[in-house]
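Notes to accompany the following structure.
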Amino acid sequence: MTNSQSLHALLPVLIVGITGILVMIAEPCMSWWWQDRRAPSRWLSSSLSLIGIGLAACYAVAQINAYARNIYAFNGALVIDHFSLSVSLVLLTSAALAVLLAMNYLEEHKLNLGEYYALILFSTVGGMLMAMANDLIVLFVALETLSLALYVMAGFLRTSARSEEAALKYFLLGAFAAGFFLYGTALIYGGSAQAAGMGGTTSLSEIAFRLQHGEPTFLLMAGMALVLIGLGFKAALVPFHMWTPDVYEGAPTSASAYMACTAKVAAFAALLRFLWVMAPAHAFWIGAVEIIAVLSMFVGNLLAITQENVKRMLAYSSIAHAGYLTTALAAITSTSAQGAAFSAALFYLLAYTLMTMGAFGVLVYLSRRGHDCQTLTDLRGIVQREPIAAYLLAIFMLSLGGIPPTMGFVGKWLLFVATLQAGLPGLAIALALASLIAAYYYLRVIWAACFQEPLEAAPASSEPLPTWATASICISAVFTLLLGIVPVFVNTLMTAGRSMFR
Amino acid sequence: MVPTSYYLVLSALLFIIGTAGVLVRRNPIQIFMCVELMLNAANIAFVALGRHFGQINGQMYAIFSLAVAAAEVSVGLGIIVAIFRLRETINIDEVNLLKQ
Amino acid sequence: MTTQAGLLQKWYNLFIFPEYWHGIHLPSLVPYLGLVGILAFALGMLPFLIWIERVVVALMQDRIGPNRVGPRGLMQPAADVIKLFFKEDIRPRDVDRFLYFLAPFLSMTIAISAGAVLPWGSIAFRDAAGRVFLVPITAGNINVALLYALAMSSLSVYGLVLAGWSSNNKYSLLGGLRASAQVISYELAMGVALLCVVLLAGSLNLGQIVEAQNQLPFGWHLPALFKGSLFSWFWLQSLVVPVVIYTIAMVAETNRPPFDLPEAESELVAGYHTEYSAMKFATFFAAEYINMLLISGLNATIFWGGWLPPFNCVPFTLIPGFVWFGIKIMMGIYLYVWLRASLPRLRYDALMQLGWKRMLPIGLIWLFLLGGYSLLRTPKTGTALPAPTPSIVPTPPTPRHSIQFMPISARQGGGK
Amino acid sequence: MQPISGLLSALIFLPVLESIIIMLLPRPGTEQKEGQLGPGGFDFARDLLVNSALLFTTINLLLAIVLFGAYHPNPLALPVRGLGPVMQFRERLNWIPLGGGHWVEYHLGVDGISILLILLTNLVILVSAVYASQAKRGAREMVALLLLLEGGLIGAYSALDLVLFYLFYEATLIPTYLIVGQYGGPERGKAAIKFFLYTFLGSVLMLVAIAAIYHYTGTFDILALSNPNSAAFAALHRLSPHLLMLLFGAFALAFAIKTPLFPFHTWLPDAYVEAPAVGSVALVLLKTGVYGFVRICLLIFSAQINQLAPFFIVLGIIGIVYGAIVASIQNDAKRLVAYSSVSHMGFVVVGIFSLTRIGLMGALLANLSHGLTTPLLFLGLGMLEERCGTRLFRDLGGLRKVMPTLATLLLIGTFSSMAVPFFSGFVGEFPVLLGSWISSQTATVGNFWPTAVAGTGMIFSAVYILWWYQRLMLGPLPETYRKLPDLGRYEWPVLVPLAALIFWLGIGTHYWVRPMSLPVEQTIPASSEAVRDDLPVATLLNQQWIEETYQAHREHGTIRLAPTGIPTHFPPGVHPPSSMMPPGGRIPAGLSPNPQRRSVPQGLPFSNSRFSRPMVSPPKTPRATTPAVPSGGNAK
Amino acid sequence: MDSYIPVFVMIVIGALIAFVMVFGSALLGPKKPGAVKASPYECGMTPVGSARERFPIKFYLVAMIFIVFDVETIFLYPWAVNYRHLPYALKAFNYIEMVIFVAILFAGYLYILGKGALDWGEEEAVAEALKRDPIVLAPRPAIRFGNENSGPVDLEKIPVGPRVPVYGASAQELCQPLEQTTVRLLPTGEER
């Protein structure tokens, strides 16, 4: 694999990254050349971003079709296989939807800065690299690329103390997690030398090879635990979830939507690859992962029940969704269920992205004139004012609750089957029971939005429709339903899941 | 020659101190410094292990993590400054608009 | 037992049993020669330097200057030191006591230790096999000498910031802040200028950098006269721009006029050392001058050929290398004084603009122009260029392998 | 008649499409003139809505009628018992891959039981959509949701894959939930959520059970699982009785909540009462609970059914009596009807668990009757409430004088509800009592007590429903109601078809019984002790037989255990059971190890001896030369 | 490590010299402390408020930007050291890679420039930015020196030693008129 071939294989990431740079400097350059910063920047930045994302997505699709085998780029630091390309596509989807949402949100909040789009693109680059990383150090750098952009996005509402507070909390805990991750990597580097004279390595495929042919060392396992903690923070799994509600509540809604999806998708892509590598030593960690899964599901769901703030509720629900996804992590230990677990996790990640983007997107849609629509009270009776938004919200809530015929159901069902195939019936039953609890609070949102009377008389809605946010929500909704009824991607994802074992 | 295990013990101690500091401290800057301590503990471990194995990788990784830490510093200080300008305090206990 | 540590032990023997002089490993002693020499030069030149500055400034301003204490006022610095030693050491209210004392201490320590890597000459040794080793005379003949120098020049700002912060004085604080912002701003430009040199020399060892200048300019075929001459030094090889950048950055790094904003007396009383008195003030003062000496020394080493004579012919080669080195340093010092006497102080925004918007991008672009130039001059065939200066070894071989070392003249047959 | 391919899919997805179209129509205005019913003035949007609702639902009903007409009541002209139901109009596609060659299938098919429910659904949705399109608030949305509900219900009635069934089962929840929650009474939100959560609790457990069944058998195919000869059935019934009982319990809980059966009925009064009239109708239409009992529980868990039938019968009887008594003491007209539903559904459950042909047939008829009668009552009450603004008995009375037509139509509903002969209620409830009588002769409940106690329910129903009618329609008319109008232009067509059908079901019962008789025959578990004596093909399905079958599969080495120990191959002597044959005789790859066996006709077991010994004796010579006759699974 | 030992020796010698210089006059000089002598020197005015005050954001900004560029320099050094010794093909590749690296950095640099992070002409920049975007670039709080809200000098904080003649007024004399104000303002426990 020469360098130019590696670069070629990495082209989707490069396209997104270069677009990010262009978007970043476009605005200052405009202020120099045309002495006008405000007017065209929104169009320039967002359309540039969308073009970049679209190009990258096209290229990724082309690669999926073109590459019959895994590409190990840059001396095996990155692996471009169907799995990473599929995750990249999910990430690009969420980025595109987030760009659409941001176009309206930022304008409503008088915050029309091109950096936001650049940050979206940079964090997407980080996420895509996380999915492709075949080396723990690359994973670390990618993780930080993702996180740093997200920290800034969380604090993007500079005049809001809540936004800044969210950014601070996210940043401190994220940096803490990064410390764990890096130290774990160091320990793995030391622990991967199973015998004297064998050098240390951080390459995941090398570690996998060594684990298949030798005993795991203590240092390796300790490092694995620390890396797990680090990634668990990013994925908001339960003992490491404290930041999630505060951050999602405080951050600008469009940023909450984006970070809820991207961070989780990327973290789970990394977790899947990492734990698959560690699967030969699963006796050490399977118990912990199971406990984390069950705790995440139940703690997330139970805490979500009492929330009045929808963003906060969605945050807790995202913890629960992380718990559902963790069952797939537990399931990859069984050789017979690996393929099913990977494809289930991939499908669920796509589902999660679409429905969370949609749910937050409806909040963005309803946030007009700088007022954030956040609480159940804000949502009361919006069906009379904004029937489309209310019904779309209902679709997303039902999908989040895993109720057919939506994508959420199919995803949950696939996870469920994978868990059973892996011989973990306890987890499967916990999954079912947790989604039962979840139904309650999702229904509360529908109740507030569709069933309750609004507090004040519905004002005549003469404002122009937030076009782009509407487009974003509608895309999410259509796919949530369509893929819930005809899950055509599953087969592709199965191939993607299997690509890991080639 | 100092045995590698000494370095590892040192790095573990630093890491534990950093972790404890993050959990105990109330000033974000102090917390942040503790996080840097954790990262540097990892760097020490990397360099020591790289030397132990006779590989250049360890030192290379340390430089990577330095770069990342620098980026983190920039972002972190920016956030802390922003919150101080809004709230006139950066004490974690007083920064509690978002209910726990 | 390592060589140097063994030497430390042997010193004890040297004093008691002179017969041990016989088997001493002389190359290992060279660093201590370098240490003593640079220390003596720095501390010895310090009072003289103050005198020079006063006299030169006075001349430029058409006045007399110091003329009372000693011949031509030469003893004036000594008198100042004695006076300062016997002044009251005031400790202002509410200072952070530890940091308040630490600041001057740190400034001085760092200023002196920065000199550890400056080579001020070279000695050639020949081993039993007849190979010649050129050893630079410096305390720290280390691989990362340039990084060390850079690190020390960055660390020096700690003294100023801590002084400003601990003094409990608003002027001091602002002075310290200005100093830190200024130093870090110019450090980038300085670093980029140094990078140009590193790119040309291919080494961070200052001895090797000097030796890399000891060749025919641009590889042209010229008479031996020009080998290592004025024209092959890096000021010209790097095509002048980095020298200019470095020289400006050097003045700014030492907070000297016209970049003396941290201690601008018209705005900030005395900046970061407003609250310091007696010898603590003198410590800052001395540290600044030592910094000037050493940064000029670095300038001389990396751009102006270090200990090399300007031409490789008789009248110049007769003069020892350290004299040439001293002359180059003093020219730097003269430049400092000249600038102080000639230029008004910069406004702060102009200062930052110069550093960030002019010198940094120009330096970076220049670095890549040099890289491209170097690439163009590389032959397209062949595996690799030879090591830059094979005659210089960073650390001489240990006595275990070669005991018979004979000191020979530095410039006779040394190197290729 | 040839099956029309795609007809079922059209029936399912056409309403969904129509619902989207309806949602895209302009929203009708809400202005209304003083003292006027229905829309005021010219409202193009409302006319458009009414007409399109009528048009769409009529198209759907016509399709359902085509389905009914094309349906063959007994394609093989044989009483095929013990092999599970025979399905027609089958559609089978792979849908969600599960790895290892396993799929969640899009597998549809109907028998008589389903078809009548589909017809009922289409008809009632038609009338209620017409009614809903007149609503002052949310007319457009209600019609759209009703159409969605229609699609979901038809899907649930025709799904032959457990996951597909679950999916449609859940999908029906959403429109109902939205209708109840948005357009009901003051406590509608709470009631809707209560309804949703109760049902969802049950269905989640059902999902667990479905997954477990897949885990143990490797298939979701309802037909395979209902066929005692299939490997899937054998694999399932090899499990420990405790586990099977748990699985059955999960299904039964889901269906009991949905039906609703006595202790799980508490969501019902709230939801029925708080819902708008259309919502109540929608809730009544949710017959998926009963259907699930019949389609899934009876055959898949035949042994458990046999064990637990008395228990369910007791619960059903309690429901009958309890519902009737509670209904008698209500002061709210709608709540009374709601509780009467508990009572009626109690009859249905008793009929199903009598495990006799007559009882099951009665239960299904009672189910249909309830699906016609209660909508009539609810819609009529809705019209009443619209006029009077109240449902409380103390404010009402004597309305017969101002609205004679409504009174007459409601009287038909009343009679049907109290099971007067020639009305639909009677033809449902009387066979149920008969069936319970037969079954109590063999079961442990005891001689005549079940029948006797259930019979009191009929007496109670006469008490409460007549009293209900009296308090509404008879007696003095309050002055305020003196000017109330009778049925309007759009209200006639709502109530009259229902009333007519009640008569038709009560009088022309044989039209309804004929398509169901064979399915009922096939749906009674072969192990049902109650029908063993009076049916020639009765057989005893016991644990020993299951063990032997399973071992035979193992010995022939054709059982594939990956990934979860699923037997999908059949020993040479055992043919793929009819219910597993896809339409067109195509055997899915991997199902039959021997391609020659494809044309082997299905030997139909219609002798006792066939069932009394294990079905593993392999014929030495393959009867490949025998001309192929259509296998039982599809009506060619 | 051998060649580092003289460097450490040099550092130790430097520290010794510094120690002697810092503490020399503390040993030799006279000691006559006084309250006014000990107060911070602010051009002769009575110092008010704390010296630990907020200072312009620009300093932070410069520090942050510096970190980024400094790290970039870290990556340039190994490249520069090895560049000269590489064969042509590798050299060309390294050159292009580093050009890309620095180009990305330059993009960031352009961004910083465009956003005005390196402009120190405060007033014009703020006025201009306010014209453009009144909300995002809200006026920064003024640079304060702490004397706006500070109350009277707290007498307890001034250590008053033995009455020695010092320059000008004594500490007590300086604070005399302020003392009454202080007593009036404080809701002390004696009043209750």
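Going by the order they are written in, the chains are A, B, C, D and E; count residues from 1 in each one.
By our rule, a residue touches a chain if its C-beta (ideal position, glycine included) is under 8 Å from a C-beta of that chain, and two chains touch if they have at least 3 such contacts.
Nothing here was measured: the structure is a model prediction, and the numbers come from that model.
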item: Topological distance between chain C and chain E, in contact steps; value: 1
item: Both-way neighbours, i.e. chains that touch chain D and touch chain C; value: none
item: Far-end chain from chain E, centres as C-alpha averages; value: D
item: Identity of the chain that, by mean CA position, is farthest from chain A; value: C
item: Chain pair that, of all pairs, has the most C-beta pairs in contact; value: C-E
item: Centre-most chain [mean C-alpha coordinates]; value: A
item: Approximate Å spacing (C-alpha centroids) for the pair chain B, chain E; value: 23
item: Euclidean distance of C-alpha centroids - chain A vs chain E, Å; value: 41
item: Inter-centroid spacing, chain D versus chain B (mean Cα positions, whole Å); value: 64
item: Multi-partner residues of chain E (at least 2 other chains); value: 63, 70, 113
item: Residue numbers of chain B (touch at least two other chains); value: 71, 78
item: Pairs of chains satisfying the touch condition; value: A-B, A-D, A-E, B-E, C-E
item: Residues on chain A engaged by chain B in the complex (per definition of touch); value: 137, 140-141, 144, 148, 151-152, 155, 158-162, 164-169, 171-172, 175-176, 178-180, 182-183, 185-187, 189-190, 193, 199-202, 245-246, 249-250
item: Residue ranges of chain E touching chain B (in the complex, touch as defined); value: 57, 60, 63-65, 67-68, 70-71, 74-75, 140-141
item: Residue ranges of chain E touching chain C (in the complex, touch as defined); value: 1-7, 9-11, 13-15, 17-19, 21-26, 28-33, 35, 37-43, 47, 51-53, 55, 58-59, 62-63, 66, 69-70, 73, 76-77, 80-88, 91-92, 95, 98-99, 102, 106, 109, 113, 118-121, 145-146, 157-159
item: Residues of chain A that touch chain E when the two form their complex; value: 3, 21, 24-25, 27-29, 31-32, 37-38, 110-111, 113, 158-159
item: Residues of chain A that touch chain D when the two form their complex; value: 336-337, 339-340, 343, 383, 387, 394, 398, 403-405, 409-410, 413-414, 416-417, 420-421, 425, 428-429, 432-433, 435-436, 439-440, 443-444, 446-447, 450-452, 486-487, 490-491, 494
